[in-house]
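All remarks here apply to the structure that follows.
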Amino acid sequence: MRTAATRTAALIGALVVWAAFTSVNARLGWVNPVLLPTPVDVGRATLDLLRSGELIRHLLTSLARVAEGFGLAALTALGLGLLVGLCVPLRLVAEPVIEFVRPIPPLAFLPMFLVWFGLGEASKIAFIGYTTFFPMFVAIAASVLRVDVVLLRAAASLGASRADLVRRVILPAALPGIVVALRLGIGLALFVIVGAEFMGADAGLGHLIMEGRVFFNPAQIVMGALVLGLLGSLLNALLLTAERRMLGWRLPS
Amino acid sequence: MTTAGPKIQIQGVAKSFSVAGRAMPALAEVDLDVAEHELVCLLGPSGCGKSTLLNIVAGFLAPSTGTVLVDGRPVNGPGPERGVVFQEYALFPWLTVTGNVEFGPALRGRPAAERRRTVDRYLELVGLRPHAEKYPAQLSGGMKQRVAIARALANDPAIILMDEPFGALDAQTRETLQDELSRIQRVEHKTILFVTHSIREAVYLADRVVVMTSVPGRIRQVFAIKLPEVRDRFAPEFTQYESDITRVVKEEVAKVHE
Amino acid sequence: MASIVSNVSTLVESGLRGPALERRRTLALRIGAILGFLALWSVLAGLVVVLRLFNPIFLPGPWLVLGSLVELAAKGQLWIHVAATLQRVAIGFGTGAALGVTLGLAAGHLAPVRNLVEPLVEMLRPIPPLAMLPMFIVWVGIGEASKIGFITYATFFPIFLTTVTGVRQIDPLLLRAARSLGARGLPLFTRVILPAALPDILTGLRLGVALAFFVIVISEFIGAEHGLGYLINDGRNFFLVPQMLGAAVVLGLLGWAGSALVRLLGRRYTRGQQTA
């Protein structure tokens, strides 16, 4: 139902509506035209920032923070998630921590991270790491624990040792779930990085957007938002293709 | 013939599970010897513990009392000398048919050329050579089970344990696979312990049929099936065995419903 | 004979989940777990002081956090902040939910509405809602309206999308059966489509509540005088870490309560149906 063609058509449609609405407003002056930037305004702002290299700089800063924070969190979540399946006492210790921390919105800890790590890169990376770690860990642990006993039994009867079981059964069996968890983590990272860059930052897309507010430049806000949206869609599409290629064996022909 | 002594010795094995703090006996004392190259069927109503017994011989469960000896040595967990075929196929979905069949040899580090020969041989045996590069998701139930059998055989175990392997298949496929198994056994001569609840299947395949009681499982009666290697399901002798065994099983089933 | 790391026998007997852990007296275990966590936290905080690892102001023990909350409560201030946050969430979520459900039902049921609304939603969906917060501030200023408007915007999308899905994914067999029994127009809608879509709508509402609490904090960091988010950020100025942690915990509790409430309501109104 939702093909690429209809989606592109929908996006073009949206663009047209946006252009129409804002141009009419600019002409008739219902609202201060600065507050409702037209696509052209946004395009102009984008070009300005591209030319000065600012856009690229802030984009890369945000990406670097996401990559580092997510990377750390993913590795830890993977390691601990696997271990949880193999080590019952660890599971008993991990569960209370998760239950306690899970309901608290990660953004509530942002100021804490600023206090702990100061205003530099470390606080942003640590915050992204914290935000993405728990959901990924929970998802990975769940998919590890869900590995069917029957597969373990089959491998053991074929002569598998414990190391064999981990490497050749548990990991491949949990892989689909792990990939989903990673996709979830990236999505979450992109979701919160903006917020994390609203305060205590002097670089990044979130900062750029907030600057648009401070200097009363809504076109810059819209530009930042659109860039983020584009980034998210691109990353998501990339991850989905990678996922499909890696996990082609799941589909019946 | 081979060494003296039975291949599998089940001695005084009993198993009890604790459910919600209470002990639920699944198996009461079972004593059974399985000779080498024999195909023995464990037959009985649902829940009579036959699968539990098989799992104990396979080494997936430890018995509450008693021991299982294989070649005179106690069983202490699963091992490659006891291959298993499961009712749910248990194929590794991320591996192709080839990947599945060569799993055991690959674990032992056999060289690629040797593995390829092994895979070819056993896929040929179960009639699935053309499907070597398919994934389990692309196969039918009957084909999956044949891959499972090939996988177990490729590891060259002396013993094969089969837990209602054809239970999830339709009647037609079921009979086809019974024919296949009979044919394979005539070639490979493994020692097979086969769990089923189908009397017809048991009479078709087994050298001996062990009828088990309902919970807690015990051996009720052992029937020696004196029929030729290639069996005719409609021969009067066949049907006679069927009705003899049916009578015994029906009495056990009636007890379950009391 | 269980070692710390499961061996092959344990793994083949009961899988990775392990045996006895299946039977869970869930509430008792959860409480025990939380107490265990508090104990662990206390020990760590104590170690920091005793071993002089770093300035203990950075890791106050749970008793200090509780103490700061009690202090705020005693001064009557805690309630003001909690009320401020709850008010914004309630109004914002309420509006977002109302809009999301009505538009969602309309868009799910009527193609023209769908064709009109979906392009805009498609364009806005990949953009993290947080990115639009400054826009709201520019449009409406720093006061309550921008916060509430922002919450409305943020909660609208999941609710709208799940409602549309709920309506579109109704088993066509159900519709066919209802029509053959004479249902048309409005009765068809209220008696068949709405109840059938309800589980999905409730899932969307639950997501919306969670999202509302998720994003409210950040809107209270900027230009607020009251609210739990304000408490957290304000604590930064004087390193009032216990206050920051305490407010965060309270926020977590409120969010959890909100989700639980929606789930309970959901169970009441969708008896027998499957809730996600």
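Per-chain numbering from 1; labels A, B and C assigned in written order.
What we mean here is this: a contact is a pair of C-beta atoms (placed from the backbone, for glycine too) under 8 Å apart; a residue touches a chain by one contact, two chains touch by 3 or more.
Since the structure is predicted, the reported quantities are computational estimates derived from the model, not experimental observations.
If you take chain A and chain B together, the chains in touch with both are C.
Summarising the inter-chain layout, the chain whose CA centre lies farthest from the centre of chain C is B. Spacing of chain A relative to chain B, judged by their CA centroids, is 49 angstrom.
Remark: chain A and chain C have CA centroids separated by 18 Å (rounded to whole angstrom). Distance between chain centres (mean CA atoms), chain B to chain C: 51 Å.
Within chain C, residues 8, 12 each touch two or more of the remaining chains.
Residue numbers of chain B whose C-beta contacts span two or more other chains: 59-60, 77-78.
Shared interface positions of chain A, i.e. residues touching 2 or more other chains, are given as 148, 153, 156, 160. By the touch rule above, chain C contacts chain A in their complex via residues 2, 4-8, 11-12, 14-18, 21, 30, 32-37, 40, 58, 118-120, 122-128, 130-135, 137-139, 213-218, 221-222, 228-229, 232-233, 235-236, 239, 241, 244-245, 247-249, 251-253, 255-256. Residues 7, 9-11, 13-15, 17-18, 35, 85-89, 91, 93, 95-97, 99-100, 103-112, 114-116, 144-149, 152-153, 156, 160-162, 165, 170, 190-192, 194-195, 198-199, 205-206, 209-210, 212-213, 216, 218, 221-222, 224-226, 228-230, 232-233, 236 of chain A are the ones touching chain C in the complex.
Against chain A, in their complex, chain B makes its touches with residues 58-60, 77-80, 82-84, 86, 88, 90-96, 103-104, 107-108, 134-138, 151-152, 155, 161. Contact residues on chain A toward chain B in their complex (touch as defined above): 148, 150-151, 153-160, 164, 168-169, 172-173, 175, 247-253. On chain B, the positions that touch chain C within their shared complex are 20, 59-62, 77-78.
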